[in-house]
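Got some structures for you, see below.
What follows is a pair of complexes built around subunit A, which joins subunit B in one and subunit C in the other.
This part shows the complex of A and B:
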C-alpha cells in the first residue's frame, strides 16, 4: 500500500476537515496553505493581539473543532506554501515561500480545497486603486482588526455585502451605503425557504438589525454603473430601478457580485484510482455551498480518500443529504438576491471598460477582435487578443470574456472560461529563480528532512 | 515575532506583528501600490492572492503584498521600480 502522505491543498474548513479524517484513518497528511495562517476566508485569523471578529457561537464552535482536529502527529502543516501543479508522472510541485524554493513530492492522493473567489462584474473604473472586492476588504478587517480610513461604499449583490456591513457597524465604522442590485424584500415567498435554514437566517437577521439601527442606506434594485477618480474621492454613478442616475462621492468602493469556485489551473478530479495520485476536490472549490457545507464536504472527501487508498468500500454517510440541504439554501439565496433588472450585457458596456485588468484589455478590444467572418475561439481570444493572458491567469475576467464573446457571436460555438484559461500548471505564478532551484531529482524522499 | 518598520519606496512604514505588507500599507494610507507593465495603477483588490494586482518587489522578486508578511527592516518597492531604494 502506498504510504506516501496525502497532500491537502488549502487550510480552510474543507482542507482542515479532510486532513483530520485522513489522520483518523492513519494516513500521513501534508497540509499546504499559501497564507502564514490557517483559517480560509470565513475563519481568517487575526494577527496577535487583535480580537477575532465575532462570528457567533456556531462559527466559533466550528473553528475550535477544526483547529483541534489537525493537532496530531500524522498531520504536517506547511504554511506559506503554494501548490503549483502535478505532472504526468504524479510529481507535485510545491512553492515554499519561506525558503524561496520549489519542492517536488509524490503524494498518494491530492485533496484540492482552495475555496472560492469573488466575482466582480466589469464596470467603468473597477480597476482603480481604492476599489477592492468586498471579501478582500473583509479579510483585511478580520486579519488586522482595522477598517481603512474614509467613506466606504459596498456595492454589487449578495449576502456577503450585508454581513460585511453588519461587521463594519459592529466595529463602529458603518459603510456609506450598501448598493444592492437585487431586491431581496420583493421575494417574500422565496425568502420563506430560508426558514428551513435557521443558522444563516439568524446570522443575517443580526446583521440587518445592526444595519437598520445605524441607519446605513441600503439601496436595493440599484446598480453601481461607474467609478471615476476625482480630487474629492471616488465619484460613483448609481442607477436605480427606474433608471434614474445619482452621483455620490466616497473614498473607497468594495465590489462583490457573488462567488464561484476557485478552480483555475488545478488538476481535474480522478474518476477512479490510478497509478497517479488520486485527485479529489472538497468544499467551495468543488461546489460553492458555504462554510458549514465546506466542513461537511471536507470530512466526506477525507473519509472517501482514506477508504480508496485502503481498498475499502466507501461508507454511506449523511453528508450527501446535508450537502443537498446547503444547496437548497444557496438556491433560495440566489432567488432572493436575483438582479431586480437584467444587467447590461458585458459586450454592451462602454467600449473603454476594462475586461482583463492584467493586460488592460477592454470591451472595445474584444468587439474589434470578434468582428469579421471567422470568429476566433476561446484559445485565439486569449492568444491573439491577450484576454485572460495576464498574471491572474483569467481568474477575474475569463468568465466575463467568455460571456461577452458568446453575446457578440451568437452564431459561433460559445467559448468556455476554461477555453481561455486552460487547465495546466503552474496553477499560480512562481518565480523562475525558485523553479530553477527546485530539487529536481524524482527519487528524493517525499518528506525531505 | 514583533512589529517594526519596513521601507516602502524609501519611506518607513510601521507594521504590527503578523501583518501583511499590503495590510500595513493600507493602514498607512497607501492605496496605489505602483504600476503594472501596462502602466495601470495597482492596488489591494482580492486579498487572497488570486488577482495578482498587489504585486510588489521584495529583494528583487515580485510577491503578493496581501500574502507576504511584513518583516522589520524589509526593503519593499513598487513592482515597476527596478532598483532597490536605500532607506
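This part shows the complex of A and C:
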C-alpha cells in the first residue's frame, strides 16, 4: 500500500475535516494553506495579536471541533504554502512561501478543498481603486480586526452583504447602504423554505435586526450600474426596479454577486482510484453549499480517500442526505435573492467596460475579436484576445468572458471557463527565485550527439 | 488538373502552415476547406517561441528559406496584414566563457558569408548595450534584420485578413484515391469530403495520413512566460540567445548536448513580459511542462539576466515540434498521389517559415512558378510511391 502522505489543499472546514478523517484512518497528511492562518473564508483566524471576529456560538463550536481534529501527529500543517498543480513528470508542486522554495512531492492522493471565490459582475468602474469585493473586505476585518476609513457602500446580491453589514454595525461602523439586486421580501413563499434551515435563518435574523436598528438603508431590487471617480469620492449610479437612476457619493464600494467554486486551474477529480495521484474535491470548491456542508463534505471525502487507498469498500453515510438538504437551502436562497430585473448581458455593457482587469481588456475588445466569419473558440479567445492571460490567470474574468462570448456568437459552440483558464501548473503565479531554488537536481550527464 | 478556381481544395491542419496556405489561395480568389481536428494553432503553432530568425542557422537550404521567410514577414507587415504582429528586432548571441566565445566567432563568420548583417560587440560594450545582462557575459554578436511573431497571433490575423473560416473539430482519417492514384476526397470523422487537391499541413498528424513510418519525430520544447517588468524589459535590446543554444541545436557537430537539449533564449515581449525557453527533447510525446526542466531553464536565464529572479512566472507550457529524421522539412507534391501536397516537418522553424511555405504551396496549386527552390525539401525522398489509400 502506498504510504506516501495525502496532500490536503486548503485550511477551511472541508480541508480540516478531510485531514482529521484521513488521520483517523492512520494516514499521514500534509495540509497546506496559502494564507498565514487556517480557517478558510468563514473561520478565517486573525493575525497574531488581533482578537478573533465574533461569529456566533454555533460557529465557535464548529471551529473548536475542527481545530481540535487536526491536533495530531499524523497531520503536518503548512501555512503560507500554495498548491501549484501536478507537472508533466507527475510531481505535485508546492510553493512554500516561508522557505521561498518550490517543492516537489508524490502524495498518495490529493484532496482539493480550496473553497469558493467571489463573483463580481463586470460593470463600469469596478476596477477603480477603492472598489473591493465584499468577501475581501470581510476577510480583512477577520484578519486584522480593522474596517477601512470612510463611507462604505455594499452592493450586489446575496446573504453575504447582509452578514457583512451586520458585522460592520456590530463593530460600530455601519455601511453607507446596502444595494441589493434581488428583492428578498418579494418571495415570501420561497422564503418560507428557509424555515427548514433554522441555523442560517437565525444568523440572518440577527444581522437584519442590527441593520434595521442602525438604520442602514437597504435598497432592494436596485442595481449598482456604474462607478466613477470624483473629487468627493466614488460616485455610484444606482438603478431601481422602475429603471430610475440615482447617484450617490461614497469613499469605498464593496461588490459581491454571489460565490462559485474555486476550481481554477487545478487537476480534475480522478474517475477511478487507479490514476495516481488520486485527486478528489471537497467542500465549496466541489459544490458551493456553505460552511456547514463543507465540513460534512470534507469528512466524507476524507473517509472515502482513506477507504480507497486501503482498498476497502466505501461506507455509505448520512453525508449525502445532509448535503442534499444543504443544496435545497442554497436553492431557496438563490430564489430569494434572484435579481428583480434581468441583469444587462455582459456583451451589451458599454464597450469600454473592463472585462479582464489584469490585462485591461474590455467588452469592446471581445466584441471586435468575435466579429467576422470565423468564430474563435475559448483557447483562441484567451490567446489572441489576451483574456484570462494576466496574473489572476482568469480566476476573475474567465467566467464572464465565456458567458459574453456565448452571447456574441450563438452560432458557435459556447466556450467554457476552463477553455480559457486551462488546467496546468502553475495554478498561480510563482516566484522565479523559488523555482530556481527548487532546481536541486544535479546537472544531467551530457552525451555527444 | 482543372483551372485553380474550379479546384476543390482541402487543407488538413490549421497551424501556421495550413492557414498561410489558405490565406494565399484566398488572396488569389481560390476558396478552400480548412479542416482542423481541434482549433487553429492548437498544436505547435500555439506553443512556439516565435523567433523569425536565422541567428542560430548555418548557411544552406534552411538558411535561404528562413531569409525568404523573414522577407515575407516584412512584406505582410508593410501591407498591414500583420498589423503589429511582427516585431522587428535583433537577436543577440551571448557567450559566457572562452569556449562559447570561440563558437560565436566562427558562427558570426558563417552568418556573414550568407549575407546576414552581423555586428560584433566586445565585452566592454555590453554594459551599455544591454544593462540587464550578467557581467559574466563575454561578448555578443548581434544578428540584425530579423524579428519575432507569435504563432497564434499570426494565424488569427491571417484568418481575419482573408476572411477564412476554419472547420473546427474535423479529424481527417485518410485520403481517398481512385485506382489510378488521383485524389477523390478525404474521409473524416464527420464523413467524406470530396476534393481534387489536398494539402497535408497536419504537423505531427501528417505521418499517419501519409503512411510514413519512422520519418517524423516529435521533439518537445518547454517554454515559460513571466509577468510584466517594463524596466527590465527595456534594459534588453532584443532577444538574448545563449551561445550554448548553438550547441543544443547541434549545429556545431560533435559538441556535448544534454538529453533535454537545454538551450536558452530570453525574448523581451512587447507587453513587458519575457518569453523564455527552452528544451529540445527527443521522443517526448506529451506536450506538458515539468518543473525540473522549467527550473533548469530558469536557473540558466537568471544566470544570464539576474533581474529575472525578482519576477514571477505566469505560465509554463510545452509544444511538440515535428522534426524530420534528416533535419529538413517535407514540402511539395507527394509522388504517386496526384493532387496531394505536403508541408510539414518544420521542427523549430515553422513560425519563421510558415507564411513563405504557405505561399509556395499556394503557388504550386495555382500553377505559378516557384519563388523558392523546394528541391532540398522534396517529400519524394521518403515518400516515393507511398501515398495510396
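The working rule: the second predicted complex is superposed on the first by the 433 of 449 C-alpha atoms of A that agree within 3 Å, B and C clash if a C-alpha of one lies under 4 Å from a C-alpha of the other, contacts with A are read in each partner's own complex, and residues count from 1 in each chain.
The rule is simple: a contact is a pair of C-beta atoms (placed from the backbone, for glycine too) under 8 Å apart; a residue touches a chain by one contact, two chains touch by 3 or more.
These figures come from a predicted structure and were not determined experimentally.
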Subunit B versus subunit C as contact partner of A:72, first or second or both or neither: neither
First (subunit B), second (subunit C), both or neither touched by A:127: first
Touching partner for A:391 - first (subunit B), second (subunit C), both, neither: both
First (subunit B), second (subunit C), both or neither touched by A:36: first
Touched partner set for A:373, first subunit B, second subunit C, both or neither: second
Touched partner set for A:429, first subunit B, second subunit C, both or neither: both
A:149 touches, of subunit B and subunit C: first, second, both or neither? first
Common ground on subunit A, meaning residues reached by subunit C in one complex and by subunit B in the other: 390-391, 429, 431, 433
Contact footprint of subunit A on subunit C as seen in their complex: 39-42, 46, 152-153, 156, 159-160, 163-166, 168, 226-227, 250, 253-260, 286, 288-292, 294-296, 298-299, 301-302, 308-318
Subunit A-touching residues of subunit B, taken from the complex the two chains share: 16-20, 22-23, 26-27, 29, 31-33, 36, 38-53, 55, 61-63, 66-69
Subunit A residues within the subunit C interface of the complex: 87-89, 91, 93, 102, 104, 372-374, 376-377, 379-380, 383-384, 389-391, 393, 424-426, 429-433, 435-436, 438-439, 441, 443-449
Complex contact set, residues of subunit A against subunit B: 34-37, 41, 47-50, 80, 97, 100, 115, 117-118, 127-133, 135-140, 143-144, 146, 148-149, 252, 262, 357-360, 390-392, 395-396, 428-429, 431, 433
